[in-house]
């Protein structure tokens, strides 16, 4: 850790996708016109594949190093040198970011390939791939940037690409609105994030170590210990502000609202951005700064509560949704809640573990749903589906693996990672949170199997046009599914519970994640806790079996016919409506007030558009024809009015002129006698 | 150095030349049929007098005719200004359609006589001489104002001017009589000496000075003694209005400075040019007040003015207020700035009236509507020149008017009259509005269908160009003029 | 050569103007090309200036001085330091580009280009002048051409906008003149030499004046002069509540003039504060910065942003976004640390390039559709993709997206402001949300959504327009990725200016 | 008679000044209140003559020189020329306006 290995190839992991984006972004339209989709796809997929290879190389280099020295850095150039504040463009790979670059470039690469099939025939394919590459670049920058500001660059970059991709089919305002919502909600999070950066930097600077580089932050966390701002520990405040950023990016309460709407984007985008990579940025950030967060127990508590609450909240909503992607979206939010719960109980490794497994099975599920939507000719309503298992065997089987994995079927990836989190929650004596998490595990199993049954079993409820054209997706789309499904099975084995074998992940992350040493627990306790969650999952599956397998859902199943609770859930607790009214409406109201203030008040003061009778100066009382109105302060009006009155003195009558002369002399005399003697 | 009557004549030749021209014109008027020739003769006489004046410049300061008239650089400076204004006015008159209606012979004779009177206003060293000069200018002005035949405007203006002028000068000499009574002499130096010993009724003295100020103020057109000026400006023939606006103002400045400095101020330490007012006469305060009232009144009244000549009259009042600022600081810098401003004002205001005349010649109108889209009606050159003059009147760099204002404001800030400075500056902003309404009308408004093309009067164009160039040049390189005005302050002799 | 380089930069356009005035009225293309040629030498000299600029020294460089009016000790004195050189470069570049942006002016071509070149001289002059009188003269020289450029070639309410601009600016500048003269007479020996006045910054008294209300506020001579200068500059910035001339002027002005207004003229306000108020009146600066720079700046950011959100006219929206973005400059310079002050000047530069792009882009669409109603378009991205691409770049830069220039300066400003003003920084940081709001909303309404049938045949952005946009786009990206190209110029001089004030902070 | 002569011998500067002051005030009153142009001109004459009286009185009582008398002569002369010009103008006014009431001559205003 103390002797980072200097390299100069890490930059290429990040820059390859940027090159791809640049080529496609600037020349893509011509390339697509002249050489067709394949050329565009090649320009996009090649850099990501290269990135993946370079990532493997970096991973290999790390493996070759002794555990304590696994740390590669590639300092590119100094970005902003500003006195004590100096930010480098430098990339680093340590065990944590190594996992991330593999996930991002690996799963990202698969999704690139999948997109070739999915997006086939789109005239703007070049634009799609440019965005996708740009996203990959930003995400890689986010995970490899060696300081907070560089991470923030990636952080904003992924937000931008998310915006662009959600609104990819921009002819429909539903999509562009969803994109804007995502961006702006994320910006609210960023607002906290940048403030957190500032506070952190200046507090450290006050201690003589102003820095934003992660390695140095970790080193100097201790300096924050006794410093307070507004009566709150700085560490708590900083982590709180950074966590606000994380709630935006990782769709936690209260800033989760953008993610369900983000499903307006093409489905591979949902898989890549809104399931596997971008939304996990917040989790990654906390893991990255785990020492800092560990120093702020209050924030951790908050994170745990928010995480558990989000998990529960989103899961309950997912139970009623009929849109195939929305179910997955809420499921994602819920799973992210798990990860935050893990972070909150300081089980960083468990959180990262779940991040990793979730990336596989959720990507698998999303791509599978994409395949289904593809086959259904764009239909996303599950009430219109059913019985698809026969028409789409590959999709069916991979989807099944994904569902089993997320539902927590023993010995699949999701089981191990979720169980690790549940166990940590239990072990850290957060029994209530544990209880919630177990309940959510049951709900997860329920809604996933609900989806599974509604989509693949029973009779096909689609109309005959669609039914007659049901088909399996092309190879280019199915083989990524198989790879991901395989991953969903095997990835879990790197993080076995202690009583089942060596936990590879713990060991791998040990140099960068400093876990508090927990108390020892008996194997029996662990097994017992595990059994409870398995039981919950089984219960969930069983209920789904009863409700959705045995009773075929109707294609006109209307939520309005259901009870109040169902409607509340179906309408997502009306949070969107409340937000729309309070925040969007409020801001617009403020904006209009501001503009009106400008137009009417300030301008009135200045150039006096108000028609009012104005002041007459005391001066020309003799010729006064006006009513005095002391309330008027329209400067120009007064000026003009006074000017007119001055002019009015000029009556054209010579006697009155002479009155002025005599009057002036008299006034002078009075002044002389009264004041100047 | 005091000279007797005969000895004085050798230093009196500019006046002699001018007087000779006047007499010659009077005789010629009886015999010559071509009255246009009179204009050229008058012009020639003025130019010769100008050469003579410039020739005298730098002569040792001398009192002529038994201390009645002062010959010093200060008076010579104002004589040059007067002559320049005369030259400009005659040149304008040659091209003016209005002037063509009047009896040209008399017109030029009276105009030159008016200028002749101003010579004495600038050089008077005695209350009697000051009165005579002032009255000579007044009487000729009444005549010139009322000269347009069968013109109600002109006659009405003349009547008002006459009555107003009569009352003002009557008040003035009444005040002067009190000064005479208290000081026992009409000579400025003697008055100063008597004042220095103090004594007498302070209130009476103050009132006497206020009365005198009324007379001078009417000449210089500062508030509240300005009320004649808009009417007269509007009624009088335009070339004479132009002359009046600059020369009358200048002569007023001259007589004011001459009276207030050598007569009623004490010189500070030797050579320091710092003055102190006599304690009984709070005329610093008085002048600050008058200056503020004048510029504000003038500017505010001009705001909604539709008649351009009238507008320029109010602007002239405002400028009188600006010029007065130089008087309050009681030092060389203030006077210097005043003198500088007088020259600058001469150039730009004469130019503005020249354009008014050109438009009036072509359209017969003086209201703002006659200027609609002037730049696009074949009179781009006069329009651009007008814009330059108006910008200069506003005080925008790099034009001469800015430098004038700059020097004035510099002087009062040096004297720490910050309030006055701020008021003056705000007035500048107000003035922008009405000046710029003319510019807007000329450039931004589209000409209406009934607005015919405007042909610039051929004879006026060279003068117009010269004045515009001077406005620009003096805005960029003004050191020579400043040197000249500095040199012209040599009148403080005992 | 190096001695005269600044003078050449200032007076080349003036020479161009004289040549243009001599050309026949109807040879439109000739006039345009001559005007363009007149702006090329300043640009090339500017590049030379950039290359030869010594970034290590704090003093004035490329100095030229000559006596002008000896009686008042007025000199022709020009020179640049890090602060001004960036502005001079911006001026040279934007002037050059704006000639091309003005190519389609076909009414009174001769007058337009002559006035434009005069304006160019004035602008460059302001940034290089080191003598107060010279500074003031150049400052005012810009007014006249600006008035006509808006008033003759502007939109429907051009006359109102032009006179409003003129009146506001003149009000500011006359107060400035009073302040300049006060400084002059207070200095001993009297001088208009700005560098000398900077060196003697402790000269001006801060003893509270006896006069009401200054005795209540505890304001001394220095504070009053500071305020007089500040009002003059605040009108140019434009700071609330002196900003209402800006939306009107921007909306009515022709495209190129909006660019010049927003890109360069606004900068003169903040430039003046940094050049004059900071070094010459440091104690007053330290005392008054909180309310008049920091608080007002934060207020500008939020207020301008909210106002922008309510607009339906694209140009007005961009105009208000300028109000908002100039707030960052004020906040940053009030931070009194390296990050803040450098961020502020970088923001000046960045805002110059970004807003220039925005106005050019609005101009492109206005030329085609003849209106700028945000709700009157839709789906332009599909109709004019290249145009939409440039727009996206400019919008994102304006939103402060990382990797583009706006981000660096905004982060530096906020970072700098944080240690001194926590609450204000939080308020100001709200700006990043608000900016995203109105920019994205406008983008959505104009460029995205179903294409408006009425505009289906709008021609794509043409070569000339791309020529004006491309250099700015490159700068926006380069400065975002490698901000040192500008920051290195600034640091030495700005830190020096900053140091002068810091010692007076309580 | 003798007492009248004695009384006259007591007449000093003050009396003259009072008389001239009254004259001046009367003149001012006239110019302020009369509408007839000729009357106003008469008022102006009164003002001028009040000043003339002052000069003579001051000259006689305080300086003992003839400056004041000379001044008065000039005043009388200038008053005459002013009256001449004034009457000419009034005549022109009468021709053009058919009245010499100054309330009729108010076309120039504002």
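Per-chain numbering from 1; labels A, B, C and D assigned in written order.
The definition used in the following text is that a contact is a pair of C-beta atoms (placed from the backbone, for glycine too) under 8 Å apart; a residue touches a chain by one contact, two chains touch by 3 or more.
Bear in mind the structure is a predicted one, so any value in this text is a computation, not a measurement.
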item	value
Which of B-D and A-D has more C-beta pairs touching across its chains	B-D
Per-chain CA centroid nearest to the all-protein CA mean	C
Chain B and chain D: spacing of chain centres that average the CA atoms, whole Å	28
Centroid distance [mean C-alpha coordinates] between chain D and chain A, Å	96
Whole-Å gap separating chain A and chain C, where each centre is the average of the chain's CA atoms	36
Centroid distance [mean C-alpha coordinates] between chain C and chain B, Å	43
Where chain D touches two or more other chains, by residue	28, 31, 40, 102, 105, 107-110
Where chain C touches two or more other chains, by residue	none
Multi-partner residues of chain A (each touching 2 or more other chains)	647, 650, 652, 654, 658
Overall pattern in which the protein chains touch one another (line/ring/star/complete/other)	other
Touching pairs - complete list by chain label	A-B, A-C, A-D, B-C, B-D
Complex contacts: residues of chain D adjacent to chain A	28, 31-35, 40, 102-103, 105-110
Chain A-touching residues of chain B, taken from the complex the two chains share	159-160, 163-164, 167-168, 171, 202-203, 206-207, 210-211, 214, 224-225, 227-228, 230-231, 282, 285-286, 297, 299-305, 430
Sites on chain A touched by chain C in the complex	25, 29, 77-85, 149, 152-157, 160, 163, 167, 170-173, 176-177, 179-180, 183-184, 187-188, 190-191, 194-195, 197-199, 201-202, 205-206, 229, 587-588, 590-596, 598, 602-603, 606-607
Contact set on chain A toward chain B in their complex	639-640, 642-644, 646-647, 649-650, 652, 654, 657-658, 660-661, 663-665, 668-669, 672-673, 676-677
Contact footprint of chain B on chain C as seen in their complex	68-72, 133, 136-137, 140-141, 143-144, 147-148, 151-152, 158-159, 162-163, 166-167, 170-171, 174-175, 177-178, 181-182, 184-185
